[in-house]
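The following block contains the structure, expressed as structure tokens.
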Amino acid sequence: MLEELKQKVYEANMDLPRYGLVTFTWGNVSAIDRESGLFVIKPSGVDYDKLTPEMMVVMDLNGNKVEGNLNPSSDTATHLELYKAFPEIGGIVHTHSSYATSWAQAGRDIPCYGTTHADYIYGPVPCVRCLTKEEIEDAYEENTGHLIVNEFKRLGKDPKAVPVVLCKNHGPFAWGKDAKEAVHNAVVLEEVAKMAYRAETINPRIQPAPQELQDKHYNRKHGKNAYYGQTTLK
Amino acid sequence: MLEELKQKVYEANMDLPRYGLVTFTWGNVSAIDRESGLFVIKPSGVDYDKLTPEMMVVMDLNGNKVEGNLNPSSDTATHLELYKAFPEIGGIVHTHSSYATSWAQAGRDIPCYGTTHADYIYGPVPCVRCLTKEEIEDAYEENTGHLIVNEFKRLGKDPKAVPVVLCKNHGPFAWGKDAKEAVHNAVVLEEVAKMAYRAETINPRIQPAPQELQDKHYNRKHGKNAYYGQTTLK
Amino acid sequence: MLEELKQKVYEANMDLPRYGLVTFTWGNVSAIDRESGLFVIKPSGVDYDKLTPEMMVVMDLNGNKVEGNLNPSSDTATHLELYKAFPEIGGIVHTHSSYATSWAQAGRDIPCYGTTHADYIYGPVPCVRCLTKEEIEDAYEENTGHLIVNEFKRLGKDPKAVPVVLCKNHGPFAWGKDAKEAVHNAVVLEEVAKMAYRAETINPRIQPAPQELQDKHYNRKHGKNAYYGQTTLK
Amino acid sequence: MLEELKQKVYEANMDLPRYGLVTFTWGNVSAIDRESGLFVIKPSGVDYDKLTPEMMVVMDLNGNKVEGNLNPSSDTATHLELYKAFPEIGGIVHTHSSYATSWAQAGRDIPCYGTTHADYIYGPVPCVRCLTKEEIEDAYEENTGHLIVNEFKRLGKDPKAVPVVLCKNHGPFAWGKDAKEAVHNAVVLEEVAKMAYRAETINPRIQPAPQELQDKHYNRKHGKNAYYGQTTLK
């Protein structure tokens, strides 16, 4: 069942340690098959060097396990809410990657200080508030998903243009059209978080990059007349 | 004698350079066999690439060497005091890992800023005071153990819920149910120390994570109704 | 056509990930054949592990593609302007290397704090201003080149003595007599940016190195009576 | 001639990139044969991956090349002055290792903040002043050696107890009983510099470790009654 997608989700999970985004089992990747409405996610707490494609868990969008012997990631309910609310995304990543998590712990949005950021993320990386006591005690992971979705709505953010978010006191989520692009965006976020950290130390009176530069770089890669890369290779 | 335990302690010691926690010989792991009351510890000052399971030293809880040709770690008396006072632990690690040691040198507790910390350590990582001149000159390593034990008593800390400590001007100790878990907690501590360092730089007015979030994450992994990971795999 | 130069440009591009200067495809190297007036540059957005010497694109100094199936780097127009204005250079590198880019995001020149810097770069590393809205919307990459050239003229900088520059809110460019030396200078810049960052944190009242020390080290390696290295090996 | 010593100096030089202490050719190791009064040093500006034991250069203490086809390190005169003034040392290392060089650029002594430092270096790591214009223009490398020697005399420092120094705006030198111990001390210095940097960020009101703790740790490893390590293994 969904063997190809399991393989892809497996590979995307294995990319997390390869890119230095996870310690131990602190991360998970999922991807959705929009036709069947089923998504594939990493099992909870399994070491990366013991992971196999067959271990991947298949879930439906009501939160029922459809296939798999293992428990799905403890963050499954968050992935599920994001898939339901953002129909344009196909893959999701959660990590505790070091710099992004440091910003999340600091409870701050990451301002757009340069073109590395603007190339992939339109405007600041939002840091959503910590959940309330009630939200935590009731349905923690599901409410994490609700909060992200509501904040994107409130701020008027397009999840395709802003494919990353920080959860205060917790860590980052990233997404994309598929599992591979989601991991790519998680790597971008970590780089962006690292350079913003250093740039603020170098110049405490730093300002965000001018809007026109942000527009230029975002559109150079993602706009209608994008001219970065090889159309024929895509 | 205790060949299986020697092998495990050997492997746990070899994990220290693998996880980037030690430079040269600056670290040691031990584990105890509670039935016989004997513990196995790394020999002092031996390079990791020359270490073998046979070199491990067997000690009793009175500090007598029971087996082994080499001197035990110079920190043996500290391990011994911890084993005597904390009957629930089975393995201990000492390192000079970079970020944790930096906090120890700074003489500060590491506040709990997020879920990475809360997943494994309940509340702040305590930093115990420097020993007095008398404590240093009398029985330095033994007194280090006494101090940790007394501070945990004074602060009402449960060594299972807080499996790590910083010794001011020195470095960290970590422990667990066995040598492997102790090394795991030493890695967690280093990650937590790194992210707390960066989070404070990003936001100098940072506050600890809300208590209810700390409770949620600690209990999600360690509470009676823990739902992280695979029960069947443990 | 220019097969030897393509091979060298290919190898110089492959050195970028080897030296840790690029993430994904965020960098490009070119080199020019001054006799024919043609330069060879990396194709745009191609992964380093899929790159081959044959993929390199040949351009003339009017911006026409002379050979190659792929689109040239999106930064080609910047390279072109630098080749036209600086006849003494033979290779150019652009990266988003982490520390240099952090200084560029902070919008600050990197002061010369020591001999590592002075050995290769005479005086501070200049950070040129962000482009205006008009410059960005008109011909962004070409104008980036113009701005660098004009700033070097205005500041009286010799591009051989200052083989690196930062573009505000963007990142570094480096150059040299050929592609290999350009990459070498990009590595130097990253090291210099890292140590200047740390030195300012250690001593917020830090001052640049005395001019006579800067002169001594630069001339020890590059002056008429240079005595560093092996003349016979060059 | 001195083939065994050349081999050892070669190996010690090759350890510099292995320990991450050098970029490109920015480092050199030498060792002296006290009987003949000759010392062996790395040739200037040769890449580490092209280095062979045969390339090592033999010098006498008057600064004459006794054997070797290549030019000796450009820092040879500094090594020479240290060998002449410190008869108890047998090997010397110079690097531009990142954290130690950052402290040198900042022009600050590294305070002893903990036992990692105290285990190998007695008291703060001294940072000697920049040379004067006259000292630079006259005999730069020789005067660097004189300055270190004079500062150690003035401060009453024992080069065996303080086997490292920082030269302001330049970088570190380290030494030991032989080339291998000198490299060991260079690694210690880099670790100590890194942790002191971080500790000051964590606690801006940090104080040095109490003198009695510094004494205890230094003597535990180096005193008359040292009990660290294996006497029989030395």
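Letters A, B, C and D mark the chains as written, and numbering starts fresh at 1 in each.
The rule we apply is simple: a contact is a pair of C-beta atoms (placed from the backbone, for glycine too) under 8 Å apart; a residue touches a chain by one contact, two chains touch by 3 or more.
This one's a predicted model, so the numbers in the text were calculated from it and none came from an experiment.
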Steps in the shortest chain-to-chain touch route ending at subunit D and beginning at subunit A = 2
Rotation angle, subunit A onto subunit C: superpose the C-alpha atoms of these two copies and give the value as a multiple of 5 degrees.
-> 90
Subunit C to subunit D, mean C-alpha position gap in Å, rounds to 33
Where the centres are mean C-alpha positions, what is the separation of subunit B from subunit C, in Å?
-> 46
Identify all positions of subunit B at which a residue touches two or more other chains, and write them in rising order.
-> 200-201
Take each protein chain as a node, join two nodes whenever their chains touch, and name the resulting shape: line, ring, star, complete or other.
-> ring
Could you pull out which subunit A residues touch subunit C in their complex?
-> 113-116, 184, 187-188, 191, 194-196, 198-203, 206, 209-210, 212-213, 216, 220, 227-230, 233
So in the complex, which bits of subunit C are touching subunit A?
-> 23-26, 43-46, 70-71, 74, 96, 98-99, 101-108, 130-131, 133, 136-137, 140, 169-171, 197, 200-201
